[in-house]
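In the two complexes that follow, subunit A is the common piece, with subunit B as its partner first and subunit C second.
Let's look at the complex of A and B:
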């Protein structure tokens, strides 16, 4: 919103104090409205739905209006996807793997890489590094990418380069793997949402 | 302007959806409405040799998807490795665009085969580039199986398959069912059709009026050596820069007019979809005949009916006008599933396609008594000549006249066996008798004359053990009635296979077989006592763990344990498993353990966990049920597969940008199940019936067919189309009924925010 005034010499000379204050207030209200709208948009964007899984000891807050799927198998505990997104749907996922005293983050990431290399086209692991986010647990991250294709053979879909990140934290008897998959082109902007997701994740 | 456009877009979608109200006649799927889905579910299968840097096609055939996750029903002979089909890799091609040839997209593995029935179930497991596929991620169109026992003569059928070496689109042929061929495997073992099906359509599908699979067009494995087929080289496989007879020649086959009934495929599909594995203590082994053993056919005769044990009730040399059933019986030996058998029938020297059976694989085991024929249809008058061919060579011929006067010559038939002790006390009757001292045979006789020579010949394990001839005395027995004859052994009759032949004046008048096995228990043989289910860590431990009739959910394996007594090695026995009354395993083999013993163990296994259900095991000899037991896992009922429905309305369409008119890629069309409205929808996957995402041109196809509303049941879906940068579209009350076009194609416009 903007206020545009076109004043000539004559009218400027005749403006009153009341009119001047009126202009100031109008401009101030306009700025206030913009601030409120920005704040409202931020609130909408950060609005979250809650997911609770008492059996696995997980509480999570995920972006509102993302599709929630709970696994009936062993692949993952739950995952959420942004179906509104055009193209590849950004997905956050939480899964657990059993571990023992000999298990390290490296062994789990290696196993994941070998498994993914068989299932995903052009899978490449990019890096493994310590987690530097603000969540209050120690973790390791793995970055990777692959090419995703539509499973419907009757449609002409263009493959998409997907970038993924795993955050792996080891507890006493299991490894929790928090994953984000995103179109490589929008990875950085989705990473912000993912960090919010990870920060609010409660593991008991 | 923008709110106006949004309103217009929503009104447009509502207008489109409201064109399909839930009114109209009762729902009825037709072959016409189902054909698009059937065509997409029909696949072309290449069996190829992987040379490392190239694929050479070795065999081809059609197949049909029977589950959304990539199970394909086809022939065994085009997929299994054999001399005529030596390839080791299976490539699956689909018709991805209407009127286009199939496109190779996947690799597949063989899951189950029934070589004699010539059926195979293969599963898509890799992308064409070798990348492994999670079958559960697939959502492919598939077809449902009909109950082929319910088919009627003259019913119209549609055959869908590929008629060339992958160069042409999927083809559709129409015709009728002209005959049913009955064999010991079932009353409708083969469906005969008026359709002349090209040999390359072997393994494809034939459908009834509701679009359900009724049979698999099946021919024998083409074998140039025996002249049953031709072949075509299409690749330079020897790298000599020429394509000629020196290259791999792909068998093509002749015309097919026989369909293997779909009910034979049900156990394969059921066990594969549930991933159930049955392991016998001694697995049936491949038939290993002595070197030089050639298949043999002998003792051809005709019968006008067959009893429940699959044995002839009489032997006829002619039949009167209006005869409605006829069976050709014959003995066979040294047969294997790879043996090709064929029946050619002429009526007054004119070949009859209706009664003939084109070359097919043998499904009857190594040796025994077989029959082929049919009932419940009138056989026209004429002189019928039946010639049996084995591996392309005429082996034996028999002829019968239909249309003669009713028989007035002496006849015998309807043999039933019984066992009695020396006091004449009956110990059992039927075709499986317990061990005892005397075996009796009761038979019916008609039109007997004085001094007709009647000869009884008893055989044990193919060797004659007793013969007796007498002249008939009308004064003693009359001309019509029933009579009992017997053999006895003071030391007890040995367990094993017996046969009785009754001759009248040197002519075979009646014959039947019976088996002696087990100990007498009242009137019945007790062959497999103490059959029970149990759970254990392994088969050895299962022999000692207590019996149980219910097991917890997610148990990985269960066992069936039984003892056995007085069963002759070599006796053919059958194990049958059902889950929720549907057969998923049936295997016949020769008994290869000792005559008597304990703790025979059968394992039922699944890689993950056995699904909940009611499981039943049955042990049979010669179609006679001798032992059974039942147990439940979990709630005792199979989990409901919400994707099991194949038929319904196919929803597809295109999503366009209202400003540019071009398709929007990557937009998701969400169909909410009938239990929820848009207002109830909280983006939980449990609330979604199905969804689809648009391709690069904005086209989408719903992965799951929509259920069609009827007068009695209305199924209102809700729709949400929501994409970043566009105004969402939401609508309730989307109903499709029998009047709705199928497939239903929608065009939807989205307005930018």
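Let's look at the complex of A and C:
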């Protein structure tokens, strides 16, 4: 009986230059793939569509492929929603309220809170604080949350906690309210997109 | 006078039989693939004949996710211990790959980069590029690194060692992805079976392609670009198959009645598995023949 010989000479202690370079290039390929992926992701996520409303003097850039809805201005000027999201759809909204010289941010937030407390389940205002973002206007922010349920009673879905943020800036005769509503679980991720949206918003 | 003695043997010597001391890697992989292919078909059509209780569905899905691992144990790991010259590092390579997949590969692609969230609405070519990078190069590079730093130098005695160890990394990586899938999504068994089959197939075919590069760079003198080239090729095939399955085989939105084309999806996966397995068997056999010819050629 003969056994196929295991070649001892194949036991190799050192790596040849060819093998070493092959290894370096393969590792570099892996690292390059991750870098390209991060870059692609940033490009795709920051891709934006333009919205222009000359009547209200608003120019906005919202995330590409989000659904745009316009209103007559009673509830909001426009809003965009991410329909690809499962469950609650993240929404950015811009609305305008008429104001006079005595109106303050606090009075507008209080009025909004009263209105929302009547319409939204378990509405709670969390905080009101000065806006510290990088957009070039002075503003105040309000954070709040409520519980959203599907309006269709036959839909088998669990209510979700929605976190909202309003950024309110006062001009001479109107208050512009920029709102984000998002599932509380994904709020921080969506906040990055919202900050981009606010930074690129032009109010004339 | 010289006496003449003519010996007569009671049992004449038989022709020496050549014994192959290693476990036959191709036979194991083909057996595992055949088992998973048939099992997937059974689970796909099981709901037509048997109503699986909702309470059992999750357990059945977990069992399907573990099927590639069970097949690998039955056809690769256990027979390995019976071989005359066993590949001793099979289990460490398997465990290390599973840990790497769970700690680096899965979190990087699905949690940090969240590729599925932002890639689905892209154009076809963009999708191929994204899936090639995320679902191809990332796992293939990680599996390559595990092999490179554990068994590549001194445990690769023949080209078939590369196949055996690469298959171990593929099954380990696929098992982690499959278990994550059934625990995170709780899919029905027929859907789970198809997805698990697809994931396992792409991992195995990708690893076989990279195994060729690893074996050649260890036992021959190819270009240094062979291994990265094989990683790229394996990843590109993964990217194309992912896109094909997503765009052609899945349910489409439309005004008419639509349904998931599971058989089409299954057929694509089987064709990829069969085609790449045949191509790799041919490549490995050719390389082995060339190697033997080079050894026996006095002019070489």
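Note that in this section the second predicted complex is superposed on the first by the 181 of 204 C-alpha atoms of A that agree within 3 Å, B and C clash if a C-alpha of one lies under 4 Å from a C-alpha of the other, contacts with A are read in each partner's own complex, and residues count from 1 in each chain.
To be clear about the criterion, contacts are C-beta pairs under 8 Å (C-beta built on N, C-alpha and C of every residue); 3 or more make two chains touch, one makes a residue touch a chain.
None of these values were measured; they are calculated from a predicted model.
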| item | value |
| --- | --- |
| Partner chain in contact with A:84 - subunit B first, subunit C second, else both or neither | both |
| Touching partner for A:126 - first (subunit B), second (subunit C), both, neither | neither |
| Partner chain(s) touched by A:152 [first = subunit B, second = subunit C, both, neither] | first |
| Partner chain in contact with A:52 - subunit B first, subunit C second, else both or neither | neither |
| Touched partner set for A:192, first subunit B, second subunit C, both or neither | neither |
| Contacts of A:65 with subunit B and subunit C, given as first, second, both or neither | both |
| Subunit B versus subunit C as contact partner of A:36, first or second or both or neither | second |
| Which of subunit B and subunit C A:111 touches, first, second, both or neither | neither |
| Subunit B and subunit C footprints on subunit A, overlapping residues | 65, 84 |
| Touching residues on subunit A, where the partner in the complex is subunit B | 49, 65-70, 73, 83-89, 118-121, 150-158 |
| Touching residues (chain side subunit C, partner subunit A) in the complex | 16-21, 84-85, 108, 113-115, 117-122, 129-130, 133-134, 137-138, 141-142, 144-145, 148, 153-154, 156-157, 217-219, 221-228, 231-232, 235 |
| Interfacial residue positions of subunit A with respect to subunit C in the complex | 1-4, 6-7, 10-12, 15, 18-19, 21-23, 25-30, 33-34, 36-38, 40-41, 44-45, 65, 84 |
| Touching residues (chain side subunit B, partner subunit A) in the complex | 40, 94, 96-97, 103, 105, 127, 129, 131-134, 136-140, 664-668, 670, 682-685, 688, 691-697, 699-701, 703, 722-725 |
